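Two complexes, one shared chain (subunit A), two partners (subunit B, subunit C).
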Partner chain A sequence: MMGGRWREGLGELRRYPSALVGMAIIAALVGLSLYTVIAIPYSEALAQWRGGEVWQRHPVNAGPVWLDRLTGGEAPRTRTVSSEAAEVESRAFEGGRRLRIPLAFDFDAGGFPSEMNLFLRAEGHDQRPFVRLVWQTPDGREIALGGHRLGERERIALSQDRALERRLGGLVPHIGLLADPRREEEPQVLPGRYTLLLDAVVFDAEASLTADLVLYGQVHGLAGTDHQRRDLSLALMWGTPVALAFGLLAAVGTTITTLVIAAVGVWYRGWVDAAIQRLTEVNMILPMLPILVMVGTLYSTSIWLMLGVVVVLGIFSAGIKMYRAMLLPIREAPYIEAAQAYGAGNGRIVLRYLIPRILPVLIPTFVTLIPTFVFLEASLAVLGLGDPLLPTWGKVLNDAQQQSALYNGYYYWVVSPAVLLMLTGLGFAMLGFALDRVFNPRLRSL
Partner chain B sequence: MSQSPAPIQRPARRGWLRDLRRLLLYTAKRLLALFVTVLVGVYLTIVIANMGGQVDELRRVQIRSEAAEAVRADPAFQDLSSEERHELIERQVALEVERLRLDEPFMVRSVDYLQQAMRLDLGRAEQMHSDRGSRAVYDIIVERLPATVLLFGTANLLVFFTSVLVALFLSRRYGSALDRSVVALAPTSAAPGWFYGIFLILLFAFVVPWLPAGGMVAVPPPESNWAYAGSLVRHLLLPVAAMFLSQIFISIYSWRTFFLIHASEDYVEMARAKGLPSRLIERRYILRPTLSPIITSFLLMLIGLWSGAIILEQVFNWPGLGSLLFQAIGHRDTPVIIGSVVIFAYLLAVTVFLLDILYALLDPRVRIEGGQR
Partner chain C sequence: MSNREMAETRSAGESPLLAVEGLHTWFELRQWGFLRVGSVRAVDGVDFALERGEAVAFVGESGCGKSSLARTLLGLHRPTRGEVRFGGRSLGALKGRELKAYRAEVGYVQQDPYGALPPFLDVGRILAEPLIIHGVKARAERERRIRAALEEVRLSPAEEYLSKFPHMLSGGQQQRVVIARALILAPSLVIADEPVSMLDASVRVEILELLWRIQQERELTLAFITHDLSTVRHYAERIFVMYAGRVVESASVDDLLDHPQHPYTQALLAALADPDAANATRLREVPAGEPPSLLHPPAACRFHPRCPHFMAGLCDRDDPPDFEPRHGHRSACWLHR
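Showing the complex of A and B:
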């Protein structure tokens, strides 16, 4: 009997377009989380999100590529000019070599890079090599960029060279070096072939010297990057399984426990019921969010601890009153009496006879509860109480807010996690509303 | 002669007195129950906030390091030997521990804390102070309360009355295009108010800079009262719109369903068959019997939104209780955090109490049975 009702209900769902859209969104999100969990293992995601050297070749606060292209922009992407592709000229002398490494590239993008860095690796040298940098523009100018004595790994931040900036007439180097000198007012890119010539003196016959010139773009990837150069797509992708897992576990945890406790109260009556009722009233007085905030501040902001607290606080929630009202008439039903007559124990009656009866009514509530918890997690993260390690949507929003993303015009930083949150909310809510109409017969005709 | 009207009036007056007595009895019972509830709730809060007594250990360490630092920094103690100095530090630590009564078991002190909290003697903040400069937690919180009440009162009343009126209108013509679009829009309420707030700020404060992005009044506040009110309204628009957007569709949807269910009751059909005007049916046959659930849900909405305030206020930089709590977290100012939670608990309790009283007034069963449910 039960199975038939379920199947019938699900069959009826097909008649609701909102349910289909909701299910499609949920399926897409589940697919994305499965892909993410397989493609980027948990530990790797955590390690990368911690930030640091992994991201040093990513631009700071770059917008998504597609957004720029859609609006007709031609903002440059990040490009790396490597010495491995260059024709290195080597001349040996007593006790060393002299290398000429031309890092040549064509530049004709619609905008300037956002930053320029030169990464040099000189490993296995007894004495530190010396390198002099010369910038050659398409119109034949040569600009000396100074000399450097190199360690094993060196990062030369060309963009932060204040002296060079003064020589370029007050333009930041990543603009001044690529700008057309004939135009006085607004700087414009001078298209053509540029070369950064590395004139190096190496005091070793064998050891290598490699150089990478990185011209950071104004746009990056599908989702852009944040203030720590981290690729936002990592957080957006990993945020999906985290949000779904949190929402689902919290919803399952709270509904199931609440239901069981309500059923136990209804079945045993007397002081058990009274105690449950009083506990529910105490719990209604306890403000959920402030307590979570307190736990997050004083103990730990681990997402799993939060989940535990949410479930514990949700056990004696106001839902108990609702389930009680539904269960009370069922308790007196003849089939319960029949079960008692054949000798069913208390536990069996509660779990096998009382609870399954109201499960269908519960399914819609359960589905609509999931986004509530997804947003709760995001809310905590926006308050700065997000999980310290895991990348989540809420944490991206929190970062964006702390860096005044809206004020600085990095709209993508706020909009993309918000859209994902909204999609999750909409997907589950649409399905839940349709389920409500299917499983609550009184609503069906409305 | 003069006694003749008495027999007629007496039963009416006695009935009224009886009602009043039973109402009072009921009120007293509920008040007592709520008091116990708040007591338990606040005690739990205190235990959580003190980590069940673990905070004491941290506080001892802090006292010791502060005492050591004070002795080291004071030039008057420079020429003391290290043993003397050590003794001095120990003495000061012992004094401070005794002053804060850290030498007593936590259980004893927790009862004390509870008593203070229930008397709204919330103690002094560790780092924060009110805009007037007071360090008392009570002053800090009371100063912020009006801002929260203004914002949430406005938004909730607006949502409540709009949704009930629109729902009544829609239930009269259900199945229309407008009705179906409201039903289709209901799932948008899955997102909380602050979420819409972010979009509203993006649109109306940055893309099209019409309205302020946050705060309660312009800086510096306008001199004249009218300009002040105007600035307040301009700042109020976006947060109220955010809460309105996130609540309105689900609210209309659920009221509409509720009214539709009640409009199909037999006694309503009967009234219709009698040919009563639809206005009268609506007022007397649909609204009157559904009044207590309507009020219940209004107050339950208030309960739900007290806590939703924190993030919305934070997003809009609104100087209310929510952002106070957020700042307190930032400063790790435990007395303020506990104080806010206690105030939240009291607000919830007052809301629940109002709910009970209104129930008693509206539901004849309570009057007649005197709360003997």
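Showing the complex of A and C:
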């Protein structure tokens, strides 16, 4: 039936390399979306993006691993030294045990960790155990890190120990503890085997005591982390389906309704057309962005509400004028008159005879329209009107802006979402322009 | 049997298929959307009746109201005044389902075959559309009728054409599809608005032959609208000559062409191309002036400003009634007084 012309057109697309590249980009984005939605369920993504404890073993504002690779550096990754792998010495005494837990590790990275925390778990103790920490360096120094009475879950923030910092000559502990003491000016890593010795007194014969020393990396994962230790790859991945869905739904919502309304106006003429035209003219002078800001400020910044407002404001847009201009000559085509003569009703004429005639012109416009709505969503988020719960590309940019990412040198924080946005725009634009040439052959240069 | 004999042997007692009485189709001109500033009198008082199985032609120059008349008969324009009765029922009174049923009874063949076919549908779908609209739900039944229609317009084998789009067909083939579409609902009246004027001279005769044969086989009532008097003789039994929204002369084909009575018809026939070498050196007498404005038509006889027999005080004062200067030959001209 109608398939022939479409199949022909799509077959012809293969002759345009830009269309193939565009389709590949779109396919990759769609694939990433599908993977994300399956791998990280929606509710889990929302829960994780809220932040908090789930991220406590992630570094703050760590760059992505590829950035380190690019600069050829050997910036340390995040590593955890666990007591489970350690050889625990245990000596019993009356009413308890004395444990010596050596957390040993080799450190020879090109830089210092960004932070150091010790996580201790002491479960099932009647009386709180006591632990004394000793830091042993490869060159045989021993630095006492003080003693702590432990709760069930304890986080000892070594990096924040001001007294220790003073003892280390003003170097923050995660640098001072690993630095070569012979070098005065620029601290350098002293490579070798370090041990954090936990000397614990436990007042229980059975209950366990486990410890994890986390040396936070300077780089982390594919996308790095933000100021709340959240892995940016979560937002970048979940941003893809959100952006595509927003762009597609907004484009479908505005194009199809706009087209149908324009066709109805053209077909019925008279006051119907006049009403549609006046409504469009009024709507065209309404500024979309301030209205969205107002709705977002006064009501809700939910992305789906924003989508609704965008679609509603987009229906009576300049597109109506354009489609009307395209449909007016078609309305007078003899085949429309013939259809009336054989009894086609108004609805059928509008939907089956008027609209299909301009669909070929419309499809490229539609494809190139999708990224503009993706960008709109990002712009809204940057303005602080992003969805409060959903991780999106725009929200990442918004966070980056609020944390002065560029000023602080966290380029990756701005670059990764921006690249994804540009890729989306590029993919749809390349496909759209090629479609335009296929369906509107007059655009082809000779 | 000649056309004239057929016209005469037709039973006189039968009620006409289509009766048109005092038909006016005016288009209002408005300013600012509501102020009425005048009317274009496209059809301005037309009476005639078409018998079942009759082929007639409406001739006249462009702008004489032929096409508006056709569209009024098709129910695409509402008559301003007057009545169109089809099988005894008034077209103006039809609504909804009845109007739809009427549309199945009247086929329409248009002038420009390419424009008349939706370019985004293939032939099978184009022919299926009227059937779908008129409730032929069974696909097999639809396909059978589509094939039959294609065979009838000599597009065979039908399979070859079903999946073709209009732009893949020649002008003549396109017009055959248009004719097939007009016939697929088995109408009793077909209105053909200049069916061959946009076609190559070489295929005109084929298409006219085809229409004529189908008219004969189906005993259709066929109303040709044309400005080409040279072909009319072969395909119509009666002719109506229109001028400025009115029928000025009507008669059987042979009578009208051989003995034109109205000065306008005489001028029209005189202007016919005649393949005679002598024409190269002879200047023909053709009435001066242009077709009249339909917005402000001349008073009384519409032809009087151009008429060589203009009688002052009569032709511009009183509308000429239909005279019958010869048997069955009507002419609206004061000359026959």
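Before moving on, here are some points about what is shown:
As a convention for this text, the second predicted complex is superposed on the first by the 442 of 446 C-alpha atoms of A that agree within 3 Å, B and C clash if a C-alpha of one lies under 4 Å from a C-alpha of the other, contacts with A are read in each partner's own complex, and residues count from 1 in each chain.
Criterion: a contact is a pair of C-beta atoms (placed from the backbone, for glycine too) under 8 Å apart; a residue touches a chain by one contact, two chains touch by 3 or more.
None of these values were measured; they are calculated from a predicted model.
By the touch criterion defined above, A:L286 reaches subunit B but does not reach subunit C. By the touch criterion defined above, A:G239 lies against neither subunit B nor subunit C after alignment on the C-alpha atoms of chain A. Legend: residue contacts after superposition of the two complexes on their common chain; A:G343 is shown touching subunit C, with no touch to subunit B. Once chain A of one complex is fitted onto chain A of the other, the partner contacts of A:G319 are absent, as it touches neither subunit B nor subunit C. In the superposition on chain A, A:G221 contacts neither subunit B nor subunit C.
Ranking subunit B and subunit C by residues of subunit A touched puts B first. When both complexes are overlaid on chain A, the residue A:P364 reaches neither subunit B nor subunit C.
Once chain A of one complex is fitted onto chain A of the other, the partner contacts of A:P334 are limited to subunit C, with no touch recorded for subunit B. Touch criterion met: A:G384 reaches subunit B, while subunit C stays clear of it. In the superposition on chain A, contact of A:A274 is made with subunit C only, not with subunit B. Interface residues of subunit B, counted against subunit A in their complex, comprise 33-34, 37-38, 40-41, 44-45, 48-49, 51, 55, 174, 183-184, 186-192, 194-195, 198-199, 201-202, 205-206, 213, 257, 260-261, 300, 303, 306-308, 310-311, 314-315, 325-326, 329-330, 332, 334, 337-338, 340-341, 344-345, 348-349, 352.
By the touch criterion stated above, subunit A contacts subunit B in their complex at residues 18, 22, 278, 281-282, 284-291, 293-299, 318, 368, 371-372, 375, 378-379, 382-385, 397, 401, 406-407, 409, 411, 414-415, 418, 421-422, 425-426, 428-430, 432-433, 442-443, 446. Listed in rising order, the residues of subunit C touching subunit A in the complex are 33, 71, 74-76, 99-100, 103-104, 106-108, 110-112, 115-122, 124-125, 129-130, 133-134, 163, 165, 178, 181, 185. By the touch criterion stated above, subunit A contacts subunit C in their complex at residues 1-2, 4-5, 274, 333-335, 337-345, 348, 352-353, 356-357, 359.
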